[in-house]
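Okay, got some structures for you below.
Below are two complexes that have chain A in common, paired first with chain B and then with chain C.
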Partner chain A sequence: MTMRDAALEAPSSDRNRNPGEDGIWIFVGGDLSIFALFFVVFLYYRGLDLELFNQSREALSIPLGLLNTLILLTSSWFLASAIEDMREGHFERAPKLLVGSIVLGLGFVLVKYFEYSEKISNGITLVTNDFYMYYYILTGIHLFHLIIGLGVLLFLLKKSRDLSAWGRNSATLFESGAIYWHMVDLLWIFIFPLLYLLR
Partner chain B sequence: MVDIGRANPKVLSGLWWCGVVSIITFFLALWPMMGFIPPPAPTLTPQEFYNLIFDNVLMFRAGVIVVMISAALLLPITALMTYFIARMERGHTPMLALTSFSAGIINALLTLLPAVVWAAIAYREDRDVMDMQLMNDIMWLCYMMYWQPFVIQIVAMGVTTLKARTPETQIFPRWYGYYVLWTAVAVCGGGLSVFFLDGPFAWNGLVGWWLVVVMFALYWIVSFVVWRKAINREALELGSG
Partner chain C sequence: MSTIIKRHVTLVWFSLVLLTFVAWFTADTVTITDVDTKRWATVAILVLAYFKVRLVIQHFMEAKHAQLPLRVLMEIWPLATLILMLTLYLLPLFT
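Moving on to the complex of A and B:
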């Protein structure tokens, strides 16, 4: 959105409406139901070979999983604060907060990289057993979503630098992007206990 | 500034019907004619696969012909999608329309071309069954792993739908843009099939097959409804029936 568009819009003060636009909920609702299917499939196959799944789970690093949970929660908090700032009409700090959000997202990727390479160097791959197949596929598909999310955040960062007024269009844009990023966060909050903690 | 002008709504309607026929015949061929819904399990022995094909090989061969016609009919629907995207890009050189157009052509080609491998399997009954298995592997991996052109074709559609914010350029509801992007993300999973001979991610599994094919079929059903409405509106605006 250009500055001129933003200036033309009436300031949005209505806090009771749904955040973002309605369409983004189709994407998020749809994607969450696909992941719900993945989780059910995982739990079903886990039930078939409980011993193998429990034993394999112990090789996963709970501290690294926990670290990534904290990283994503903090990243989401940065993003939410940036939007809160812009809503209040403060546009100086928001890009910095968004950079923080992006750097934390990259941190998640880095931690995942170390996690994967440690597993692979120990000979644990996608085909080692069913548990690791789900481990790699679920975390891999989540990582794929997260990388798309980093693209979305970069786009929001660029937009936030041009912004001088908060209106309906900017609310739609930033809130829809944030809903996506929070979804990535929420998915990890399901994946972490399912894979790392469930005994 | 580029304005591609308006297409004849009757031509658009013709393209739309080609698309409907394409998708219906595709499932018709795969399902009752070839017995490939769900696909043959990757774990079938070569002999079991041979029996599957040659129990009713005439119908199977006819099915291949229908699949190939259906694949070619993806070309008119590609033209229709390109027109819609270019309409939404009005005022700019329609680069996303070109992106979608080129991806759509490759998508049609990659549906058309591998089908001949099935024809070759059914062509010679005295062939080594191991070779038949190899050809069938190639065939299914083509269909499940070549999601990229289709995804590019529809991502261009989704992105343009979300970018079109003025009354002149907005021809689809905004939820459609998000819906299309969701489909694009969901069908990527088929690419995993190369890793698995069985289980949910194999080419006949719950995720590797059913999720992908349901999302794919739903995409076409939803799109045909949305596109029909847009064509009817165009016809109304131009004052011709």
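Moving on to the complex of A and C:
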């Protein structure tokens, strides 16, 4: 069987089945629920002290938040394209797209590093006020998820070097990793307006 | 490269980037307008974020191909989160 034949036998995204392992969806569901709770708690306390939250928000850099949004969206696109490549049998291009996805993920970490450094050098820390406590907790937990995601992507990159046995099992593995990475992306899509844009 | 450009996921990515810039322009514009406009602009920004999250869930996470229970759950989460966020954002402004 050629690699192309193997790719065609792999599960297609058009079939009515759950992508990835069922377990990853349970994990994603739990994580999304916890983050929804964080968003609710943040907005509740924001409502109690609008002036402080609005004033503190103005010190955040919208261009850096926007840059990180674009970085994660593009990283997700690279990953989704890599998986499409594998399904279509373009096994030589998929690892390059995965590298692109990882590099962009590292770019997000770098931007966050500059953002945190700038804040800390200006004396703005977790204990400055309630807004910054939520800022550091929300973005910190998200960053932690992203760093785990980078580990997942590195593991997938290693696996993508040899796709000669591509089939249902490997498709499920790659889809599960991708579902996690896209979850990191979608959480940032809500975190960015909540922290940086709310007026 | 041409196969990537023509793909469905590329159109989704382009839409996500476009919506991101629309939200940014909306946020940027409201600095010079009145309080009511700011509020409704913020509502619009949160609704735009909901549509972006939905695009990621349906097309990148491929929930649109999943079985019905998972599809329903993955429609409920972003909508419920949006409703909760809008409620908690708007409530202090009217009380």
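By our rule, the second predicted complex is superposed on the first by the 184 of 199 C-alpha atoms of A that agree within 3 Å, B and C clash if a C-alpha of one lies under 4 Å from a C-alpha of the other, contacts with A are read in each partner's own complex, and residues count from 1 in each chain.
Convention: a residue touches a chain if its C-beta (ideal position, glycine included) is under 8 Å from a C-beta of that chain, and two chains touch if they have at least 3 such contacts.
This one's a predicted model, so the numbers in the text were calculated from it and none came from an experiment.
Should chain B and chain C be called a clash or a fit once both complexes are overlaid on chain A?
fit
Considering only touches as defined above, state whether A:Leu50 meets chain B (first), chain C (second), both or neither.
second
If you stack the two complexes on chain A, which partner ends up touching A:Ile148: first (chain B), second (chain C), both, or neither?
In the superposition, A:Ile148 touches chain B alone.
Comparing chain B against chain C, which has contacts with more of the residues in chain A?
C
For A:Pro193, select first, second, both or neither according to whether it touches chain B, chain C, the two together, or no partner.
The answer is second: A:Pro193 touches chain C but not chain B.
Quick check for you: in the superposed arrangement, does A:Met133 touch first (chain B), second (chain C), both or neither?
In the superposed model, A:Met133 contacts chain B only, not chain C.
Does the superposition put A:Ile26 against chain B (first), chain C (second), both, or neither?
first
Under the stated touch criterion, which partner chain does A:Ile34 make contact with: chain B (first), chain C (second), both, or neither?
first
Touch check for A:Gly100: first (chain B), second (chain C), both, or neither?
neither
Across all Cα pairs of chain B and chain C, what is the smallest distance in the superposition, given in whole Å?
Minimum over all C-alpha pairs of chain B and chain C: 14 Å.
Touching chain B in one complex and chain C in the other: list those residues of chain A.
Looking at chain A, the two contact sets are disjoint.
Help me check something: in the complex, which residues belonging to chain C touch chain A?
Residue positions touching the partner: 3-4, 7, 9-10, 12-13, 16-17, 20, 23-24, 27-28, 30, 38-39, 41-42, 45-46, 48-49, 52-53, 56-57, 59-63, 65-67, 70, 73, 77, 80-81, 84-85, 88-89, 91-92.
Touching residues of chain B toward chain A in the complex: what are they?
162, 165, 173-179, 181-182, 185-186, 188-189, 192, 195-196, 199-201, 206-207, 211
Quick one: which bits of chain A touch chain C in the complex? Just the residue numbers, please.
Touching chain C: residues 13-19, 25, 29, 32-33, 36, 39-40, 43-44, 46-48, 50, 62, 66, 69-70, 73-74, 76-77, 79-81, 84, 88, 90, 175, 178-179, 182-183, 185-186, 189-190, 192-194, 197-199 of chain A.
Looking at the complex, which residues from chain A come into contact with chain B?
So the residues of chain A in touch with chain B come to 21-24, 26-27, 30-31, 34, 37-38, 41, 45, 126-127, 130, 133, 137, 141, 144-145, 148, 169.
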